[in-house]
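Both of the next two complexes hold chain A, though its partner changes from chain B to chain C.
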Partner chain A sequence: MRKLFFYVPLALFLLLTVFLLSGLFSDPRERESASLNKALPEFALADLMQPQQIWTPQQLHGETFLLNVWGTWCPTCNAELGYLTELRKQGVKIVGLYYELPRDPTFDTPFNLKTLQQDVAQKLQQNGDPYQFNILDLERSLSLDLGVSGAPETFLVDADGIVRAHHIGDINPRIWRAKLAPLYQQWSQP
Partner chain B sequence: MIVEAGQLALTFAFALSLLLAILPLYGSFVANQRMLLLAKPLALGQFLFCLLAMLALIYAFRTNDFTVVNVAQNSSTTLPWYYQITASFGSHEGSMLLWVLMLAGWTALVAQFSKALPLLLLGRILGILGIICVGFIAFSLFMSNPFERSLPFFPVEGRDLNPLLQDFGMIMHPPTLYMGYVGFAVAFAFAIAALMGGRFDSVWARWVRPWALAAWLFLTLGIMLGSWWAYNELGWGGWWFWDPVENASFMPWLAGTALIHSLAVTEKRGTFKSWTVLLALAAFALSLVGAFLVRSGVLVSVHSFATDPGRGMYLLVFLLLVVGGSLLLYGMRMNSVRSQARYQLFSREMVLWGNNIFLLTACLIVFLGTLFPLFHKELGLGSISIGEPFFNQMFYYLTIPFALMLGLGPWVRWKQQQFTPLVKPLGLVAVASLVLALGVLASMQSVQANLALLGMLLGAWVGVSALAEVMLRMRQFGSVTQGMTKLNASHYGMTLAHIGFAVLVIGVAMTKTYTEERDVRMEEGDTATLAGYQFTLVDVYDLDGPNYGGQAAELDVRKDGRYITHLHAEKRFYRIQRTIMTEAAVHARLSRDLYVSLGEELPGNAWALRIQVKPFVRWIWLGGLLMSLGALLALADKRYRRKTPPAIKQEVANA
Partner chain C sequence: MKYLIATVILLLSGALNAQELLQFDNDSQRDLYRSLTAELRCPQCQNQNIADSNAIVAVDMRQKTYELVRQGQERQQVLDYMINRYGDFVHYQPPLNRYTLWLWLAPVLMLALLLGTAIYRRSRQPQHNADTKSELNTELDQLIKRYRSKKP
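After this line comes the complex of A and B, so read on.
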């Protein structure tokens, strides 16, 4: 008994290495999304560029697409615009969900749609425009329902409006090939 | 040219480390004295070549040699010269070379300053350090080469050093921290060598103690500097974040603290052997686990280096071999070791045992808190995160009994202690600390039943008790002046370190309770009042630094109309990296810090400012500093430099 006692540290350490090993091959930022394999939550939000156009989930049915949460304030989002534009050219449908940052009533300028539109247009002209259109989530209600924890994040939504993948972080060639492209193929087949 | 020479130097260092890892150890088993004698020159040579490699890298940074990938990505021509030097260890590759240099440095120190050690034991210790060197030099050479060139296409300007790292604290923080981490390799090697020989006695413990103390000293300083750096550089006045990487440095510190206490028992009483050896293994093992966590990307943290599964895999295999191997040896050898010493329930041994239990519990809490999210996810239970509230609450519960026991500890005798003789002095200490704590708080007009009161009471108890104990000991030698010279340096060191802990506890409790903070919108000429201080924004103007622009704000601070100080807060925009950094303005006094950070420009010629008044926050770092000084004092103890009597030398050599 006493003999085995001195092997306890070794046993605990080996157990630890098993976890460290498996941790090495999984992305620490990856989280299980609560919205996975469920229909898009209900919403009725205005288009960013044509505010009279109101988008609802039903209007998005019929084609698999990427819902990309972004904002001009987010450097990583701006960085991925280029690659997303390339994907658009390859025929991937991408819809933007514009995530507007909360404003402090005392410090910040009040929200102004005109300035934002100019800002967005300028960014998209600089870096490329991957979006079919942009949905403006001014109150961040849809982002909240989807379980968005920051930007950029991307959801893969199938033709029936079911969320099939939730990617946190930017999309680059490596991530697209390794993770999202297979899923996109799988869910865009009729 | 110089860069290639650096590469070559590192290759030579690798060759020497291979020889060091093989020859002396082999020699120790076949009783070949010549092989054992090779250990010292090999260790010194290895250090020399590592040093040359580091100098070559620094040279590449100073000469803006952007053909080297590492330089191009972490430096620029506009970077001030001192940051060009520190940039050489700002990246993963460079910091790994620094790590290697420190490891080789410790090895050389052991080789140089262990004349008292039997040749066989020294050969084994250096051989084991050689094995660790092989692992890390190979990692630096093959997995993350700092000298890699990007020829033929190289940039004309570098991408600059991460602005977060452009700070004085950053010049000091990594080297000291690494000295600490790597320093535990020495205690580790001593433990393994002892496991091989099967001998752990007071003599062995006395040999290890100064090395463990030195490593602990550097680790304490390194952690403290890191905290100070975060306070000045991250812009919101925090000093500890329970970030995974901070935790990775805190765990070896806790194990190391337990180790230096446990070593005291092994040295004085020849017991706690299995405990001490395990702690010596654990302190270094936790340093390695920390290195793995930071460099593999398993955990997300602000400190993380770029992630690469290949590097992570290498480190994990290395970890498995070194730590797994040593724990296996521990399991095989330790069961034959017996401790004979007897002691009663109330004795110094038991108090120190309690100390170890608390420190290891703390270590376990940090360990679980840091890694639980990983376990949880890998078991398929989904993602969770464990944050500050968990750690704060746990440490709140742990600190109370720990501090109470710490006040008691130094009074208790070895073997056996009667209760009655302690009642009077400790009663007096209790009364004195109560008066002191209440007095200080009353002078601030804030006696309330809160965390600050608790912290003050515990801090005063530990501090007063430590002082009273050392006074009493001196008087035992006759007069105080007589006793002052009789008492050995390690006793003063202990007292100073314990007072440091008291100061730290007071600092944490007071800061946590009485920090006041306000976010304000100010135009030039506006005044904001916080905790009785009037902050007036005098001027805001544009900055023009060597590699940054931005704005600076000038503030005048008054209290009751009396001028206190002038504050200068900056918001820098680093041009190449395109990042904004806050340089907080801090006016530091022992009793409080005034802390102002400049925020966004607001419409209407106004600025957002964050103003904080943080009482006693200096005490946190002062406490850390006192602890390090305590360790330094203890290192100066004469008995670590005494020559081993030839009789013992012979005995150990035969072991």
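After this line comes the complex of A and C, so read on.
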């Protein structure tokens, strides 16, 4: 009986220690997206470079692709352009979802598509252009529907337009090999 | 006197300019908006609600909450709208399911365990307790007696 009173609290304490220790190494930002295994939300958004072209989810069916949420204002997004361009050369289809910053009518200059296009063209020339095309999410409505919390974020969408994987943060060789490449292989097989 | 007038003017100007940036149809909508922005959690910045945060996503969520409340949506409808997009993470009150059940069960179980242990230990040594008590009582009686006898 005495032994029990010693070992039970000890076991509980060790259990708690292991639990807290594992918490030290877990990433608090890591969580499953609510869009996983759901179809892309409905949208009709203009192309960033050819505004007369309107993209809808149906037009994106037919091929597995990465939907990369980015903006030129976001340093991490600019940093991952190089590696994403490499992936494009390997045959990965990447579509950009341009995440425009909100503007304060009192302090900011009004939105100007020309300036943005020049800015984007310049950034893509400097760092590499991984995108088949860019969808301009000016009001961040599609981003809100997708549950985007910031840039960069990337969604893996299969040929039927279903979101299959989600990654918060930049894509680098390590993340690609460990997390996204296997899923990309799995979902791009017909 | 000059200072007094200046102070009054300053106070008045503040009161006159104090107007809400967001317009609501009625007070219950305003209260709903306030309570929703206080209990919805910003997905970008850890441990802030969307009322406190100025992250882009929090600004957008506040805007959306405002629109939905203005449309006359109920509290639960707005919460469902956000949870559908950002998951349970986004609400500060977790739902009761088989994963979160332990949050409520663990303290109750812990209390039951403690209570059980206490009752068990007590039931093991009742006579012993009584013995020591009577021993202590006789000892105390003797002490009191001795003390009284010393008094003049």
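The criterion applied here is as follows: the second predicted complex is superposed on the first by the 168 of 190 C-alpha atoms of A that agree within 3 Å, B and C clash if a C-alpha of one lies under 4 Å from a C-alpha of the other, contacts with A are read in each partner's own complex, and residues count from 1 in each chain.
In the analysis below, a contact is a pair of C-beta atoms (placed from the backbone, for glycine too) under 8 Å apart; a residue touches a chain by one contact, two chains touch by 3 or more.
The structure displayed is predicted, hence computed values, not measured ones.
Trainee: So, does A:102 touch the first partner chain B, the second partner chain C, both, or neither?
Mentor: Only chain C; A:102 stays clear of chain B.
Trainee: Output check: A:25 vs chain B and chain C. Expected answer is one of first, second, both, neither. What do you get?
Mentor: The answer is first: A:25 touches chain B but not chain C.
Trainee: Could you tell me if A:147 is touching chain B, chain C, both of them or neither one (first, second, both, neither)?
Mentor: After superposing on A, A:147 lies in contact with chain C but is clear of chain B.
Trainee: Under the stated touch criterion, which partner chain does A:10 make contact with: chain B (first), chain C (second), both, or neither?
Mentor: first
Trainee: Decide which partner touches more residues of chain A, taking chain B and chain C as the two options.
Mentor: Partner touching more chain A residues in the overlay: B.
Trainee: Touching chain B and also chain C: which chain A residues?
Mentor: Touching chain B and chain C on chain A: residues 28-29, 31-32.
Trainee: In the complex formed with chain A, which residues of chain B make contact?
Mentor: Per the touch definition, chain B meets chain A at residues 274, 278, 281-282, 285, 289, 292, 296-300, 309, 312-313, 316, 319-320, 323-324, 327-328, 330-331, 334-335, 371, 374-375, 377-378, 382-383, 519, 521, 578, 600, 602-603, 608.
Trainee: Name, in rising order, each residue of chain A that touches chain C in their complex.
Mentor: 28-29, 31-35, 99, 101-102, 140, 143-150
Trainee: With touch defined as at the start, can you tell me which chain A residues reach chain B in the complex?
Mentor: 2-3, 5-7, 9-10, 13-14, 16-17, 19-26, 28-32, 75, 106-109
Trainee: Along chain C, where are the residues that touch chain A in the complex?
Mentor: Per the touch definition, chain C meets chain A at residues 43-44, 46, 55-57, 59-61, 64, 83-87, 89.
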